[in-house]
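Both of the next two complexes hold chain A, though its partner changes from chain B to chain C.
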Partner chain A sequence: MSHQFLTISIAFLLLLSVPFQALAGSITGKISVKGLRSPANVLVYVTKAPGLSADLSNVKFTMDQKNLTFVPHILPVLVGSTVHFPNDDQVAHNVFSLSRAKKFNLGSYKPGTTKTVLFDKPGIVELRCDVHAEMSAYIMVMKNPYWAVSDAKGSFKIPDPVYLDQHGIKGVPDLPPGKYVIKTWHEKLKTAKKVVEVSGKGETAFRLDLKRGNPSVLYK
Partner chain B sequence: MRLKKSTILVFSLTLAVAILIPVLLRFVPYETRTHHISLQAKKYGYSPSRIVVNRGDTVVLRPTSLDVTHGFLLDGYPVEFIIKQQGLNFLKYNWKDDDGNLQTDWDKVSEIEFVADKSGKFTFRCTQTCGNLHPFMTGELIVRPNTAYHLFISLSIWLTLSLLWLFRVHSGPLFAGFKKINLLDHLPWLKRIVKLRSFQFLVILPNFVVFYLFILSALWGSPVGNRNIAIIFVWIAWWFVLKAVIVPLGGRFWCMICPLPAPAEWLSRRSFTAVRYLHKPFKGLHHRFTGLQKDWPKRISNIWLQNLLFLAMISFGIILITRPIATAFLFLVILAATLVLALIYRRRVFCLYLCPVGGFLGTYSMASMTEIRAIDPEVCRKHKEKSCYVGGEGGWACPWKQYPGKMKRNNYCGLCTECIKSCPKDNIGVFMRPFGSDRALSGYDEMFNAIIMLVVAIAFSVTMLGPWGFIKEAANVTESRQVIPFLIYLASLWGLTLLVVPGLFALTAKGAGRLAGGGINHRALTLRLAYILIPLGIFFWIAFSLPAVMTNYNYILSVLSDPLGLGWDIFGTANYPFNPFIPEWIPVIQGLLLLAGIYFGLSRGYLALGELIKDPRSRAMAMILPSLFALFVVNVLAKLYMG
Partner chain C sequence: MEVDNMMTKKTALLAIFSLAILLTIVYFGKMDPARGGVRETRETKIQGRVVSQYGPLENARVRVPGEDRYALTDRQGMFELSTNLPPGGKFRITAGKEGWFNNVQITSLPGPMGDIFLNPVYLNDRAGYRFISPVTCASCHVELTRYWDRSKMAHTSSNPMVLDMLYGTDPFNRQGIQPGYRLDNPESGGNCITCHAPSAAAAEGQSRDLKTILQSPMTEWDGISCDYCHKVRKVLTDRTKPSGTGAILERQTAERGSSILVFGPYDDVVAPPMAASYNPLFADAKFCSTCHNHFRKLDRKQSWEPAKVYTSSEWEGLKMEDESFLPIQTTFQEWQQWQRELPYNDANKGKKCQDCHMGWRKEMLPYDNYVVDGMARRMWGTYRSPQDIRPHHFDGGTEIQLKTALSMELEGEITGKKLDMTVYITNTNGGHWVPTGEPMRSVMLLLRVFDSKGNTLRMIKGSKLPPWAGEGNPEQGNYGGLPGAVFAKILQDKEGNNHVPFWRATRIASDTRIRPKKTVTLRFEFALNDPEDEPTAEAELIYRPVVRPLAKKKQWPVKDILMTSKVW
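Take a look at the complex of A and B:
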């Protein structure tokens, strides 16, 4: 029964989204930074936007450990997601977090094994490895799916179709027309804030110049 | 020396050709590509130690360390990173903040990519103190076309051939230089100072205090060489100043201020400054010394022992200059030896016959620009008392066993200024003279000294400046515990210095005698020709010691603030960063020094022959083979430095 209901409601939502898409837009842009080797790995996100009340059971987020490095360096996930922590390295790792959004300690575990963690509160989770002090990564627990992580050239697109597709998140419509607050986050850059108007006619493009400094929290 | 117009024209045209050929080589077309290199760092070298690419090639390094944390700083390129185990690297990057200050951060990376857009030879150096031989951990990036090196080869050949041609065609006097000047006449204050009885004591005293503090620091300070003031000041700062400034300008000036034998001399004289003069001479001298007062045996009154002791010291050279305790031990042994010998023998026998440094200081002082000599030898001849030699009321008998009245060479004059004070006729002067003025070696002991110094300069360049970790490991026997490689290293060092190079040189001299037309005493000719090796050797040593200062000067600043390595920061420079001074220019500067070595070696060698072979034609012929020998040796070193 509930399954049927879900299917119908998703189909209904999809139907609704058809006219919406015609009236909605995406945000693209380019980041330039002063004080970093490359403008990659900067999270750009919309602070307030419609959430996605979809099923997250098919969604897979993975934070890999290879060659004494967490891959990716920054992993935005939707609140309520479970993240897999496989150890694909040659040595044991011990992933832990002391962040307020999620405190955990997975203990030391061997190559070839995987552990999972549920992230149920929005915010920044800084990952560390007890065994290797120089390993670090960030899991950004987001309230809505309107985010992007900049590539090596500093380009981004919100919503990020490639990213969403990769992780199996379906049914994220473009943003409805209106004014949105865009913010950035990178562990070594000052958070930038910009108000962007999405007109509903395709893409809205802008540039962001970021400077070295301390970032602020994800959501006030 | 005035040259004919035609001669100048020939020189200019051939010089133009010599420059043009290597420059044209730059236009030979080549293809650029990407090199993927897995770079392994291990105490004390990189593998590959030598990376050869073309200009414009992309280099992608995948570094990893096989033991401890190492660094990588490439001369001339903005590439610096730290290498840890398992391919973990931290790449440095800089940016200017809003206030225009340079900021730095490190990024964790597994690959480092850069485009080799500057040609030449560039050294990469370890930046993390990784062990005893850390300052010598280097590798090389050669970006072809290496025009600087090609230019050097071309110019060295041009210079040698031009000089040979000049010897052949020029009939008048060559390389005359300036007339020597008596500094005591020109600088009355200097005369007043050197006449002071307390002069030597006063110049030794500061050195004495500092040197014995260094011994204390070497014994109780940091065991890490580049954190200990004794190592840094003795083997980097002092060694460079000695080779590059003191020896060429002042010759044995160091012997004047050397603190090591001072306690022995004070003990033997039972006086710091005053002269204790006896009216009735005792065993020929107007003094009585503490102890047995014997004279040094005649049979070993030469520098053979010095040669062997120098080689023995150099055999452990890389250990000596990186371990504070070894340096302290060396100083204490020298101190003990001077004290014991002073109680047995009169005069400075340690300095004259045993001091490992004294040997080459003597030989190289032949070329130096300062001398102490009698102003008018005739005055000396008529002066019956010879107070300079046997002692006078104003000064001690020459501690160096020299008679200034007949002294023609600097070799065994320690510039102590006793004779200036003891001469009642005021007939001793301190002269400034042209570089390379004493030109006659007196025996094979001196020739071997010159050859040993030449070969050791090359051997040290290979061991310390070269990129070969396995040679460093062989030389660093106390840490690596590899006895067989060490013995091979020793055998090569001793074999080259005592057999191979002297043999080659003897053959060269023999050939030179034949070309000159025969009838010339072989021994005299060989010794005269060996003079070429002295100016050459001086420039070799400057070229060798210069990079140590240009790259490691930061350690001088840091040990000044933290002399014992105990974490002090007296002047705020304790953590002065490792930041080599224009390191990309080192090969070029070394090349110029080597060219200067050829010029002074050959020109002064030619002058040395002038006193033996009167006929200009056969003199020019005699110069051919030795010049080619010098050209060859210089190019061996140039290959190491620039190629």
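Take a look at the complex of A and C:
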């Protein structure tokens, strides 16, 4: 009797899950750029989407410092994430930011040391090194996990399973059906904006042509 | 079969050869194969004594050259130095102390060590001393001098703008082009060379003519030369100097041999023909105060009202004696005041000029290229951590520095038919006010707001750029009257003329430069034709090395530098 009940329950749950799977979708696309060598490293993101109420304590984002350079140059993180700042260089660095989204100053610290910062407010955080004027980078603090960074061919997928997995962000469902505003951000490209409709029948694909210029703010 | 046999033989030979190489490395390199070839290091204590002809020397700094760790000697001149040197072999141990020549002693580990003997630097400045040409220094310090030679520091006496301002000329060498110090003061030579050609000033006096210095075959006279700076023993307050401080030199050869006295920040340099002497002044911002502050003492009984321009703490920080002094260039005091007001635990506490203006640049990498170079590498090279090296590029007011000196953020809000724009401008990387130095410099904020069709929106409220930001076509850099703001120090004469040269100035009309790590918030309002429309705001921060009216008069081909730009 209990075995039969269990089988029926599992079948019912499976049935329930089918429409949910079908009613969620991802966004894929391709970027082409004019005035830049590569369409890589363009941040493509959904401006308004459900957030992620997940435990971010095991999520690891890293902004490295090596050969007088921040690596990566642009690091998108989910709001509430902690970023590690190892100094893998041969000289001391002093990471700081005076951006309104996050003000901090890690002070001067020696090679081989790591410091961490919690990013708890969405927006663009411009990083600087107090003693090396050439060093700058951006931490993009995202409101929701629906973003992607374009690859060398300009392709992207939102949500980006590879990026999320690499940083230990789990449990990000596809987007529920509806209309979404998609924007782009790249340091040297004019921000493009597009409204796309996620139908719930799998992937929604589109193409973006970007031109050289200044990007806009992350969220208006 | 034969092929198999040959292969087996080859493999065996290869194995024997590899083993032989490994054993050789282990034997000669004293490596531990069980630890994967890592050199065995064990903390060793070296004990010894630093003495002079007068007896033991206290507070001498002792170290293995190039290492971070050092020991200080006690009253008996004794030291105990911890090091990770492997046992066996001979090693150099150096000692240095302010006012004494550095010296070295060779020691074996383990084993007794002889005393390190230091000779005093007697105060014996010789006015007739001829400074060494930078060309000589370049034969060993190839990279250091190469970067110095590319810097403004190396060409202060041949700076065409300085010459035009002194003689009243323009780039076409036309005479009588105002402003010109000699045009206004035909009887006075001025004292520009005190800072612009200090080697010549030290040798010939500060009234020496700048043109004759340029025509001189003495290459050491052009710019601020290596030997000049490295002969500075002390920096003292000296109101007879244009900057109010003066460098006390020690121009002499060493006691023994023909070595040349060279002051520097290292206590472990013992490398003839340099007779190196440790001097902590070289790691101190005070060193830069010799020239990077400039005041004007107003004529008798004249004064001005600083309270109209500066807060009381700012005025106090500028360290003018009283209100008869006009602060012209105050980079050092700006930095000093910022540092003084920081709480003791602030991450910026202790930052000094050398940290930013003598830091590493990407183009210098890999680090080893710069560490020891040229002849020095072959002869006396000491491996030194890049952390302890100060590249001599002296970047300041250059594109590299300006690009990150300020940061900007935009915020907009649409209410009905109105767009409120807020611009936040922060002095992120400047440890002094920005722009600093010569008051002919300015930074301009240019704000353009337009609707989705590209039509410029009308500003209802907010500041505009002044006419001196340029009148005429904005495409040609004339921004006067456009929405924005300007950050500059304006010198004024008694007739009320702005942007006058320092020798004519009688007051500071305004000083809107951005203080270190501070944010300036500017608010603007624009009229929206269509409340449903989505407008765009574009803001640029532009550095202008010379204000337009002066650049026009002098026909200087100065170019603006875009510091940063943002879009909302």
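Methods note: the second predicted complex is superposed on the first by the 201 of 220 C-alpha atoms of A that agree within 3 Å, B and C clash if a C-alpha of one lies under 4 Å from a C-alpha of the other, contacts with A are read in each partner's own complex, and residues count from 1 in each chain.
Note that in this section a residue touches a chain if its C-beta (ideal position, glycine included) is under 8 Å from a C-beta of that chain, and two chains touch if they have at least 3 such contacts.
Just so you know, these numbers come straight off a predicted model, no measurement behind them.
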| item | value |
| --- | --- |
| First (chain B), second (chain C), both or neither touched by A:134 | both |
| Which of chain B and chain C A:219 touches, first, second, both or neither | neither |
| Touched partner set for A:68, first chain B, second chain C, both or neither | both |
| Touching partner for A:105 - first (chain B), second (chain C), both, neither | second |
| Touched partner set for A:211, first chain B, second chain C, both or neither | first |
| Chain B versus chain C as contact partner of A:163, first or second or both or neither | neither |
| Contacts of A:96 with chain B and chain C, given as first, second, both or neither | second |
| Dominant contact partner of chain A by residue count, chain C or chain B | C |
| On chain A, positions contacted by chain B and by chain C | 67-69, 90-91, 134 |
| Contacting residues of chain B [partner chain A, same complex] | 84, 86-88, 90-91, 93, 95-98, 103, 105, 107-108, 110 |
| Contacting residues of chain A [partner chain C, same complex] | 67-69, 90-92, 94, 96, 98-100, 105-108, 110-111, 126, 128, 130-136, 190-191, 213-217, 220 |
| Footprint of chain A on chain C - complex, ascending | 346-348, 351, 355-356, 359-362, 365, 367, 385-387, 395, 400-401, 403-405, 407, 409-412, 424, 426, 428-429, 517, 519, 536, 538, 565-568 |
| Interface residues, chain A side, partner chain B - complex | 34-37, 67-69, 90-91, 134, 188, 211-212 |
